[in-house]
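Taking it in order: structure first as structure tokens, then the write-up.
We call the chains A, B, C, D and E, going by the order they appear; numbering starts again at 1 in every chain.
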Amino acid sequence: MNQATDLIAGAPTVFMWVASFFAIFFALIVFVSSNPISCAVALMGTLFSTAALYFSLGNFFVGAIQILVYAGAIAVLFVFIVMLLDLKPQKLKNLPGRLPHFLFSGLVAGLLALFLFRTIDLVPKATEDSSASILSATQYAQYFLSQYQVPFQAAGLLVFGAILGAIVLARGHLGKKEHS
Amino acid sequence: MIATGQLIFSVAIFLFCFGALTFFTKRSAVVALMGIELMLNGVNLVLVQAGQIYKNAEGTSLVLFVTLVAAAEAALALSIFVILYRKYGTLTLENFRSLKG
Amino acid sequence: MNEFFQSKIFEITSEQLSDLFPLLLLSFGFALSVIGAGLKLSSKFFKIIGILVFSLAITTWSFTFLEADSVVLGLHITHFSRIVGALVSLFALTSFVLFDVSKRYANRPEWLALLILAVMGLSLLPASHNWISFFVFLEFFSIPSYILAGYDTNRERSLEASLKYMLTGAFASALLLMGIALVYLCSGTVDYSSLQGHFPSHILSTLALAFLLVGIFFKMTIVPFHFWAPDVYQGAPMGVAAFLAAGTKLSIFVSAALAFSETEFYLRNDLMNFAVIAGTLSILVGSLLAFTQRSFRRMLAYSGTVNAGALAPLMVLGKETLSSGIFFLFVYGLTLALILSAFSSLLKNRNLDANGDLDPEELNLKDSQQSKFQSFILAAGLFSLAGIPPLPGFFAKYWLFSDLWAQGYRPLVMWALLGTLMGVAYYIRIAGKLFFAEKRSVII
Amino acid sequence: MTDVLNIVEAPLSWIILLPAAGALLNGLFRLKSTLNGLLATAFCFAAFVVSILQFLKFPEASKLADPGYLWFQAGHVKAQMGFELTPFMSVMLLIITGVGTLIHLYATSYMSHDKSQARFFAYLNLFVTSMLVLALSSDLIGVFLGWEGVGVCSYLLIGFWFEEDKNARAGIKAFMTNRVGDLGFLVALFVAFAYFGTSSVSGIMEWIADPGRAAALPVWVLTVFALAIFWAACGKSAQIPLYIWLPDAMAGPTPVSALIHAATMVTSGILVIVRLWPIFATQTEVLSVIFWVALSTALLAALMALTQRDLKKVLAYSTVSQLGFMFAALGAGAPTAAFFHVVTHACFKALLFLTAGSVIHGMHDEKDIFKMGGLRKKMPWSHVAYLVGCVAIAGFPFTSGFFSKDLILTKVFESRGVLGYGLLLLAAMLTSFYMFRSYFLTFSSTPRSHEAEHAHESSAMMIVPLMILSLLSLFVGWLEIPHMWGHLQYFSHWVESSGAKAVEGHEVEAATEWLLMGIATIASLASAFFAYVKYKKGPVTSSENFAWKLSFNKFYVDEIYDSFILKPLRKIGTCLSLWIDEYGVNGTLHGSFASYRITGQLASIFHTGSVQSYALLMLLGLLVVWGVVNVW
Amino acid sequence: MVSILFWPLLSILVLVPFRKQNWAQWVNLLLHLPWVFFLIELIKVTPSGAPFGLMETYGTFPLFKSALVLGADTLNVSLIALTIFLSFSLSFYFLGHSKISQSFLILFQLLNFGTIGSLLAADAFLFYIFWEFMLIPLFFLIGIWGSENRVYAALKFFSMTLAGSLALLAGIFFIVTKTEVQSLAWSELSRNAEMLSAAAPWLGWAFLLAFLVKVPVWPLHTWLPDAHTEAPTGVSVMLAGILLKLGVYGMLRWVLQVFPTLYWNSTDLLFAASVIGIILGSYGALRQTDIKRMIAYSSVAHLGFVVLGAISTNATAQSGAFFQNFAHGLSTGLLFLSFGMIYDRTHSRKLDEYGGLASTNRFLAFTFVFASMASVALPGLPGFVGEFLILSGTFLQKGWWVLLPLMGVVLGAMYTLQLVKGLVFGKVSPLVESHPISLKWNEYVSIFPFLVGLALLGLAPQFLLAWINGSIPVK
């Protein structure tokens, strides 16, 4: 699997270009469209294109996780919620009212991007030594479960907590009235 | 031509900043949350790229954790959105401004 | 495959077990409370379980306080993390005992489970030794606190508070993550000790540190990142607000300090300047905002920002100067819990909602006549926060400021003293309002 | 110092304690009718007896001393509350206690129907105590204690009938003017302690006498010391700049005016200067200053007295003018003449005041002499006493006034030449003119008002003191007759033996002395006759010309003081204090607090409540702080 | 020494059960007796000479580099005696007074505890704690039992004094972080005072600022008229009687004796401030229409004299200044007390509403005139002794500059006589007519010690002067 090593080192392949183009395109749609459904779909699009990028970089394990968990579960959850609450498209009626807010946030985001882009040439190049090879899934798992064992269990409890919270809040607000 | 690393990094920055922009400007809470997801994607991209450069598993494990946390957060946030929608009938963030000053 | 399991990681010796015992105890408590919730047991059950679990945790942590540091399952248990664990569980204990949470939320007993989760997160945080576990434990206690913030169902404010806390929290953790990613990008590792030597010092690394600080200062409610605090403290139930204000600040303060000293980031002067600027800003802006507040709880939130401002530089100074910060936050936490509990019983006597809020201008002599003991506690607490001897607040502030002065932050101490003077405008005036008859004085 | 000082121990403090006890008793117990008065008179008389005993010790002892106790001592200041008595001061003691007893007796009946007699006699006894402290104390700081004590008592007594506002204001005016004068005394004390190391009179005299130490003093010390003492004397004895309080002091009861503003308090300035005479003798410029100030006071006061309608005001201005005479004598370098005039003046001025009191008493408190007239028949005894007083003050031959005034005139002629003598003679003529004017307006021709018709003679207890004082006014003069006539010079013996040598001016041979005496007598007789002609038939409605208006309104001195000194100072001070305190310091405090509140409200606008603006501001905050960190 | 310090605390514990007003008042009175006994014991053993002649350490806090060190010499024991004197006679005044409740007495004892503490403390940290602790009881005393504008006065007093003491705190931080200084004890500080004053010339001013606010030196005095006017009678007597003197004591003990060089080069500025304070304080009093404000402004002028003495280099003025503390304490205390008794019945402070008190109540009129004469520095009363020593000392040192404060003597007489004329003399005003004042027995007893004290200190002050001359900082 060493040819994958030079994937990061070499020039960006055509596939990479296409995937990054799609990623950016879908991100734009999420930002531009006023209809939540198209936003949700665009989000799934970005997720898939980033997964493609991961594959192009050679980290197939993460790509797979991305597709399975991120695109499969979270994006679907979004679409489900949008469908459940069938949110009407928000016509940008009081655009003039929010124009200063738009401009200001655009300015801030642009500034952030500028700062980040300025540091782009500091991004380290891949080292040529071929000794270190792309890790396989088992190696990731072994490292992950040994080094981050406690955080892993904590993450488990975290998710449990989130579910518990969701149920509690839902039951509380919709269910019986507490004594004031 | 720019190197792959720089291409990936610039895509990541783009996603990150656009995620932030969506979070700031979108009037609906759900779409704002999507903005957060975009930002997290950007971060994941940087992590994976760094993981490939340094060839160790730190990046990947953090991506896993990020994905997990994003999932938990999404679950929680969306349930709150459902409740808010039931109570208020709308999800635009403007009218959740009673706590201010 | 099996050599994987023989690797050193899973060896747990007996005294390491004693380090993990409190955490195990907490998770056992968590399990009990979830089962109890499922079985719809009486609210007293949860109160007893809660008290038992937390007091046991406190005792074990404080007994093992003096033992040597040890590395268990990737966690660096030091006496700092033990003291934080003990104090956080103490704050949790006070937060639900003082505010009779169990009676109020009898039919939704899951609050104990969430509280235990938060306490576990907070006590694990200082034990983390790399940025990944730092992030995970941070999220581990944030998620339950988002829910706890929204726990007071019958008031819309509480829902709005949890919404705001969650969205800004997610945004801040996204920024924190970007920070960690950039750190990883620059140095190739996220482990504190391996980051020690070879963390480059170019623009990207400064930016990485800046993003890191966002996540930390967000939880410490230091000025550029304090916007969420007043709304959440005003909306969340009293007990949760007290716990959030004290517990999170303490744990973040200690773990950030440990992180920065392990990774020797504290030697970088850009980090130092960032902290000093943010600290001074938060003292000034905090005092300014606290004065004109129309709500008692928002005023307390801003006073928390002022106190956090004084702590900011100590956070990036590393291990040696932590004791004064910890003592300060300990005193601050307890005083805040006392003040809020007195305030909520004051509200009850005014037959308002115990978790509600009140404009400090409306406090008057009738309150202190109705609830004599509570107003005495409230006034004593406010005087202690203002730092007037012989109350404990003064000794905490004195120790903290002399430490800051010793480290050479003279201008910041000057600002902090000015902050104490401005504190008169809200602490002492409100404490006075309780006892002085109605006639509003001419100017103030 | 001619003879060896033979200092004898004597219980001087008893003289002070007696009236003090009287004051205390009167203060505590309010007895029936005139018992308070009698009690006070008894204590004053006891003091008189003791002072006579001390007086008799004097031929052989040259000074009586009583060490007293250490009042306070810190750093270079050592204040000893001790007492000493020199011959001339013991005579003054006799005057204070003697005339004092007579006035106490007179006052007992004068105040018999006043409702708070106890308070009056307590103040009166307290006044006598402080006057004795002033006279007796060995240290200048003790003198100052008496000095201010007398000032306070005069304040209390002038404002005794405090119901009327003007009495209280007159009391304050007296106290304030005295206070301004006392600043001089304080400065003198500072100089004394700083340069002489002590404030005891004998200590200072030794310092001056020892040539070595005197030379070591900076040249200005003695001059400043003398001027400061003179300034204090002006305050107390009502000389030019600070005399304005005396005419207003008439608001008090008449016995008060008699005792305080005629006999005792006003003369304390002269007593202190005579005690410190060795210092003044060496300071010729200070003496000339004293002389010219005194001369102008005498003239000015005499001019003012010409047109006064209130009987007591006339006497007040005549006191100021007579004090001018005494200080003129001091200015001419003759302490004996000054002291002699002090004693004679004490007698006849007390007499005049008491008779005026009985006249006003008889006229049911009517003071205006234009409304009196023809009282000769109605009040025969007062008439005789007033006549004797006028005769004595005008200086008719062989009366006490004649001897003392003549002695002053000759001494002034010797040292200040014809100009000084001429002006003083003019003042003497004016004195006899306005005195006889007041005599004729009150006693001769027909009664001009209802009260005048029904005036009745005062009771015996008031007449007896008058008669005693009349005798004194007539025969005291004989104690100091001119050299030509014989060798009865008791006063010069008393004053010289107390250490006050006169300044050697060129002696005048007998012929010119006779001439001077003749001129003085003729001048006073002529002006008396002129007054007789003018006022025999009653008040003459003179045209209100400028000179008359000037004199009647007291040369507008009070108004000048108010408009140029008192009011502006007070205005500036209060405005300054108001501006700095209220607007300056408080202003900044409230301003800073208001700005603190406004910026607070401004800052809270940022908290709009919307989550997105929070996140936006957070990111912006991050970028700004990060930018600052990089730039810094 | 510790018994005299902790006695007020003990008396609070004893007072707690007595909820009924007159019970509490009587207990408060009886509790003063052992206190006086402790004072006499302390006086017997107090040395007069080196500062803090008698030093006792009760425990150390190495963490804050400080220790519970109490020191006594005639300087602070005499002030303690004054405190106990004032508190004792006030406790007589409190008997049967309607407004004096149990909580008032508890706060009053707390104030005494703070005062005695800051006097006895011989450790900078301990001194600071007691110094700021006094603010709390005073804040509540003025705020709860004061008159109309009390909240403003209480807050203004609190913030100005706190601002001053924060400067002191900054000074303490500077000292604590200096490694050469082992502890904050007074002896330790004075041992390496040269090093400290060389290192930070601003240190002197940091310490001085806290005390200048407390002794109201001219620009920092505007809290005094408000605090004294709005405070209830008992508190304004204590305020004028002893708390202003704490500032002077602080200046002498903690600045002059610890950092002499810094103190001496700040004196010419202080001279100007005190002289202006005397003159503008007197004019301030002249322009007032409210009686208590007039008395308060007179305190500003008198304290101007005390500071004038405290900054001079010769022993006369220094001992005069310290003696003036007692003279001013008694005279202004009596003024406030006697007017307080009038105010309790007529509840008005406007001067033009008063008049002719002398004809309705002779004793109170006499007391008021006697106290005003004392405050006008009439010879034969203590005010003169103090002021004379101060002025002759200043003359010795500053020469003809003494004429400026000398003007203050005349101005002092002006406003005091104006006050006396308005209140005691003049026609009987309807207000005084309608409120006949008949003093109860305990009010007589509370006035009596002041009268005896004033007369005694006026005519025979040498017993006190000799006692305090020993430990006057400047020889």
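In this text, a residue touches a chain if its C-beta (ideal position, glycine included) is under 8 Å from a C-beta of that chain, and two chains touch if they have at least 3 such contacts.
It should be emphasised that the depicted structure is a prediction, and the values quoted were computed from it without experimental measurement.
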item: Chain B to chain E, fewest steps along touching chains; value: 2
item: Chains touching both chain C and chain E; value: D
item: Centroid comparison with chain C (C-alpha atoms), farthest chain; value: D
item: Chain of greatest Cα-centre distance to chain E; value: A
item: Central chain (distance from its CA mean to the mean of all protein CA atoms); value: E
item: Selected pair, greater C-beta contact count between D-E and A-B; value: A-B
item: Where chain B and chain D are represented by their mean Cα positions, the distance between them in whole Å; value: 99
item: Approximate Å spacing (C-alpha centroids) for the pair chain A, chain D; value: 104
item: CA centroid of chain A to CA centroid of chain C, Å; value: 30
item: For chain A paired with chain E, centre-to-centre distance based on mean C-alpha positions, whole Å; value: 72
item: Where chain B touches two or more other chains at once, by residue number; value: 9, 16, 19-20, 23-25, 32-33, 49, 53, 56, 61, 65, 69, 72-73, 76, 80, 83, 87, 96, 98-101
item: Junction residues of chain A - those touching two or more other chains; value: 101, 105, 108-109, 112, 115-116, 123-124, 147-148, 151, 155, 158, 161-162, 165, 169, 173
item: Where chain C touches two or more other chains, by residue; value: 132, 136, 139, 143, 146-147, 150, 159, 162-164, 167, 171, 185, 188, 203, 207, 230-231, 293, 425, 443-444
item: Touching chain combinations (by label order); value: A-B, A-C, A-D, B-C, B-D, C-D, C-E, D-E
item: Residues of chain D touching chain E in the complex; value: 69-77, 81, 119, 141, 144-145, 147-149, 152, 155, 159, 162-163, 165, 168-169, 171-172, 175-176, 179-180, 183, 186-187, 189-191, 193-194, 570, 573-574, 576-578, 580-581, 585-586, 589
item: Touching residues on chain D, where the partner in the complex is chain C; value: 590, 593, 596-597, 599-601, 603-604, 606-607, 609, 611, 613-615, 617-622, 624-626, 628-630, 632
item: Chain C-facing residues of chain B, complex; value: 9, 16, 19-20, 23, 29, 32-33, 36, 39-40, 42-43, 46-47, 49-50, 53-54, 56, 58-59, 61-62, 65-66, 69, 72-73, 76-77, 80, 83-84, 87, 96, 98-101
item: List of chain A residues in touch with chain C within their complex; value: 115-116, 118-119, 122-124, 142, 146-151, 154-155, 157-158, 161-162, 164-165, 167-169, 171-173, 176-180
item: Footprint of chain A on chain D - complex, ascending; value: 612-613, 616, 619-620, 623, 626
